[in-house]
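In the two assemblies presented below, subunit A is common to both, partnered first by subunit B and then by subunit C.
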Partner chain A sequence: MDVPGNGFRARFNRRYAGAPLPWMLPVIVVIGLFYLYPVFDVIRLSFTDATLIGNEHTYTFASIIHAFGSPDLAGILLTTLIFVGGSIVGQQLLGLMIALIVIRGEKRRLFGTTILRTTALVAWVVPGIAGGIVWQMLFSEAPFGGLNSLLRMIHLHPVEWLSDPNIAPWSVVISNVWRGTAFSMVVMYAGLKSIDPTLYEAAEVDGASATQRLRFITLPQLRTVILVNMILITIQTMNTFDSIISLTGGGPGRATEVISLYTFNIVFRNYDLSGGVSSRC
Partner chain B sequence: MNSRAISRLGDVFSYVFMMMMFVFFAGPLFWLLSLALRTKREIYLGVSRLIPKYPTIDNFISVLTNNFFPTYLWNGLLLAVLSGVGVLIVALPAAYAFSRFNFRGKSAWMMGLLAFQMISPLVIMVPLYRYFSWLGLLDTHFGAIMVYIALGVPLAAWLLKGTVDSIPRSLDEAAMIDGCSRFAVFWRIVLPLSGPGVASVFIITVIAGWSQFLVPFLLLTKTKLMPIGVGIFQFQGMQNDSSMQLLAAACLISVVPAIIAFLLLQRMILGAMTAGAVKG
Partner chain C sequence: MITRLVGALALSTALCASLPTFAQDQDLAAPDRIGLSSAPNKLVVRLTGDSPGNTDPDIAAGYKDLFVAFIKKHPEWQLQLQIQTQDIGTEQAKMLEQAKSGNAPDCAAVDSFVLGQFKANNVLSDFTPYFSKEEIADLFPFVREGISGADGEIYAWWWDTDLRVLYRNKSIVPDAPQTWDDLKKAALASKDQGMEGVLFNGGRWEGTTFDWLANYWSLGGKLVDDSGKPVFGDDDNKSKFLEAVNYFKDLVDSGAAPKRVATIVTYDDLAAAAAAGTTALFIGGSWQNAQLESTLDPDMFADWTFSHIPGPTPDDHKTGTGGWTIASFSKDPQKVEMCADLVRDIYMGPANALQQQLPTRASLYDKYPVFSTPANKEFAADLADGQARPGAPIYPEISNQIQIMMGDVLSGSKSPEDALSAAYNASLEAYDRL
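Then we have the complex of A and B:
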């Protein structure tokens, strides 16, 4: 190995390897060059626009008011709220319940905890577009639509999962909960495992019931985990549009057009970027 | 006796809940498989033919001999694997620095990386497109891969830092006392010992790359360059109600590689993820 000496390699090592910067350099270069530069460009441009010409400011202000006043936006924000809110509640609740049951099952050696955990995680690795297609095949009102043909078989009324503007947003939420729950499950599972077991032992000695243990130990101990998880899910869900685009395309009408899909549509319609429009036809 | 009865009842509830959840998560994929194995005629029979009477693999053959589909699959694999390799090359040294050096602003750097991860490409679509057009990297796999890498590095660096943290420092120190340089320590000691972490970060990145839709949709326009994430979307646009079995087969083909990759290393991936989660 390298003996300290005066060779080029030894000198190079002595001078640079002991400092953190050379180790960080690849990250800085790749992220800076291929991603961060355009981000800063946006910020710079938005500043120059606002300061170069005095009128620009009023124009921008007016256009913001215009955007907020546009009748589309209110609906889109409401849809986004349903989508994000429904996903947060659904994913956290299911994720917590599965994590609790898995831990209970592991303790009592119940059969199938690993199978359940794996199945949920498999749904999680399904790509967004594919996930949308999968749920389209379940929700569809055509003969191949899984849920409606099931309802018909047991002589119930079929539901207009994707064509009723009041139901469609909830169908989209269900499909997103299907894909996203595993993440919450993993986070909650790790959180539950890290709770000090002596707390439960003490509660047991004091004669606390299972519900009391859940309410006064588990949930308060999980507070940070739930909060962090909520932030992460919110960001993820706000950026999700691929599974919606292949499930409903934003329809019926614009009933499932969330803000990310709205942005996507605006860019690809107005700028005609990357031939997105031409290649989709 | 009484508490035992309660436990029994709890077990019953657990099983019922587990069954329901299993149906919720596995059902959609079973339905996809069921449709993909059907003939055109059986598609119209709905749930009554959950297990097709005349199962066929013609749909898969038809999809795989399609003019575009094999290209989509190949491009998807190429982009995902190369970005996985790239993420490791970029993130490993940084993870080593985060774990072994104490320098000013270290936690700021790490938080900065996390914050960076929250800038979705959705927000900067237009400038990103213009910038890549200016660089002349539109319609090149290289450009798309570099964006994949930039997007994958933050999480990878965090997870790998956890892995390197778990290797005892005394090993490094012993080697350095014996005259090993830092690069040699990294190459000969840290790297070989972080196998499981490296493997799971690689798989996580590959799966994320395989599912990418927005970046390739934005930066690649030529059909022969498109990866599967975009390809399946284009394919959906070409189908109609009477060719659902083909779409189901195509969708299944696009999903299965990700699932297999995940199942192979499930334990390691969960280990890496939860280790990071617990330490915060």
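Then we have the complex of A and C:
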């Protein structure tokens, strides 16, 4: 590549014309400064005994050993597994179901598909804290609690949605699925739109039933979308604790305390900075 | 004719004279600033809802008037207002971090139960020179102790307090329960009239620990020793702790309290049950008397009254007291003095009267008519049983562990002994790491 002139800019362009590093350097600096540095700092802090109220800290393995040796860790991880696993399954299934209904409705030019899509999206924009408060009212076990009042109306026994340590984790999953389904629906909707319609036309010619079309065309074609969606839901759910704080606070006991809330409590309740970051490593 | 002319002149003069004042008042109060934006001296003030940032428009307006009147006395200053969120624990932890790195606000609201952490880190400025010995002596003893450092100086001004009491519907529970047994019997009797029994905080939040501690304290139990080390599971305190835990467990197991108490994480849930007519007994905060008055119909409210929290015997009863302080983080003596002046002019009485929040000085109960009501006089008398949470840095983690323990016990996941053992060991481990 010929660059005319003899100025600094021209000389720079001539010298680094085929080298990627100088051109990517600004991006590397920005990412390094704002993304990698905090990550490295978290790892560094986990090898210290830093607290929020102490001034000095020393380097030690004690925080890591303490975090992994905590008698609470196994229960916290199991609760996190239920929360993340339940959310992935629930959000994927409901997201796919709503997306299929919307696509089918659009194909048949039915009234209300836009309303359905928008309604599902509303839950997505509700802040986690507010969502937690809404579900707390619904799950309330008071005589005037939302869901239990409905159950009583149809002569069913009320459910201990939040006070039973075996049921409470699933109540938290339900509230998170409600919130995250819209995201899954958008991803699935985009995936469904990208499937070649001639595949369905060929299947119809071959006499495939709706179930067979779903099993042999839709799901295989959505494999990549489902995988990406699963990764995104996992990351989102692993970091979710705002809605749990307002719904149960992690209780009863530690029944709904997921790893992100556990970390938050260690840092901001016990002021144990190194203990908190160690539990996340 | 002359009279009319004179009247018109007087009116127009008065209007013209008031216009600059009106314009000035508008200029003096912005959502994030009190005082003229051109004022050369700035004081960064971080407050809670006890400020012009209150969500109640009437109270916010009342505070705005107080702040504007204050800043008119200090025209060379502007207050840069910051309002804390409802997440008090996180807000206070963040502020402590900022204070340690020298970035804290000049003047701020510090929750009384975490004041110990701020004192332990020596980040607060000495307030003693700005308050008279008489004013300090007028504070309730637990308040004076709470704001004093080891050197005897005061490092904050604790301006309001509250306490926990037992609310009851007189038409269903005519007599005030005096003991734990009385409360259980009264709660079970109320169930015969369609109520759900006695309600109290039992979920994962600070209110659960604080409200329950009254029972532990009434047995003479201690959470920490003089050095701040947890002692609630040692030989001296273990049996008292278990007795107080078993009392709450028995209330739930016997049906005197519903199992749902393990999910209650706000005082508003208690008031909601009272308003819905589903409970006749609940342990709540002193401020909830005004809340009930504004929520219930006058006829319904007339049925409600309160009494001290029952103890193991009629003579042994305690109550938890909380409240907010104002402290200065500034190293500039002028700013510290300005912060103290702000406390004196706004938070030493006027703010208490505005929000009907109990003052921390006995003399103020007679000074303001609002505190002369029978209810407020009774609250003031009950403050004699008041006990504040320990100011030790480990307290928030002890509280966290008690919340976990209470959930495990009330939901039947763990026996009181196992739950206490887990809570005590976790608190000791956390103490060693602090």
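The definition used in the following text is that the second predicted complex is superposed on the first by the 200 of 281 C-alpha atoms of A that agree within 3 Å, B and C clash if a C-alpha of one lies under 4 Å from a C-alpha of the other, contacts with A are read in each partner's own complex, and residues count from 1 in each chain.
Here, a contact is a pair of C-beta atoms (placed from the backbone, for glycine too) under 8 Å apart; a residue touches a chain by one contact, two chains touch by 3 or more.
All of these numbers come straight from a predicted model, not from anything done at the bench.
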| item | value |
| --- | --- |
| If touched residues of subunit A are counted for subunit B and for subunit C, the larger one | B |
| Touched partner set for A:143, first subunit B, second subunit C, both or neither | both |
| Touched partner set for A:159, first subunit B, second subunit C, both or neither | neither |
| First, second, both or neither for A:265, with subunit B first and subunit C second | second |
| Partner chain(s) touched by A:254 [first = subunit B, second = subunit C, both, neither] | second |
| Touching partner for A:217 - first (subunit B), second (subunit C), both, neither | neither |
| Subunit B versus subunit C as contact partner of A:71, first or second or both or neither | second |
| Contacts of A:167 with subunit B and subunit C, given as first, second, both or neither | neither |
| Subunit B/subunit C common contact set on subunit A | 142-144, 267, 271, 275 |
| Touch list for subunit A against partner subunit B, complex | 1-4, 9-10, 13, 17-20, 22-27, 30-31, 33-39, 41-42, 45, 94, 97-98, 101, 104-105, 108, 110, 112-113, 115-116, 118-123, 125-130, 133-135, 137-138, 142-146, 148-150, 152-153, 178, 181, 186-187, 189-191, 193-194, 210, 235, 238-239, 241-242, 245-246, 260, 263-264, 267, 271, 273-276, 279-280 |
| For the subunit B and subunit A complex, residues of the former touching the latter | 7, 10-11, 14-15, 17-18, 21-22, 24-29, 31-32, 35, 43-48, 86, 89-91, 93-94, 96-97, 101, 103, 106, 109, 113, 116, 118-120, 122-131, 138, 143, 146-147, 149-151, 153, 157, 178-184, 207, 210-211, 213-214, 217-221, 223, 228-229, 232-234, 236-237, 241, 244, 247-248, 251, 254-255, 258-259, 261-263, 266, 270, 273-274, 277-278 |
| Contact set on subunit A toward subunit C in their complex | 49, 51-55, 63, 66, 71-72, 140-144, 160, 162-165, 248-255, 265, 267-272, 275 |
| Footprint of subunit A on subunit C - complex, ascending | 89-90, 93, 96-97, 100, 117, 120-121, 196, 203-205, 258-260, 262-263, 265, 269, 272-273, 276, 278, 393, 396-397, 399-400, 403-405, 407-408, 410-411, 413-414, 422, 426, 429-430, 433-434 |
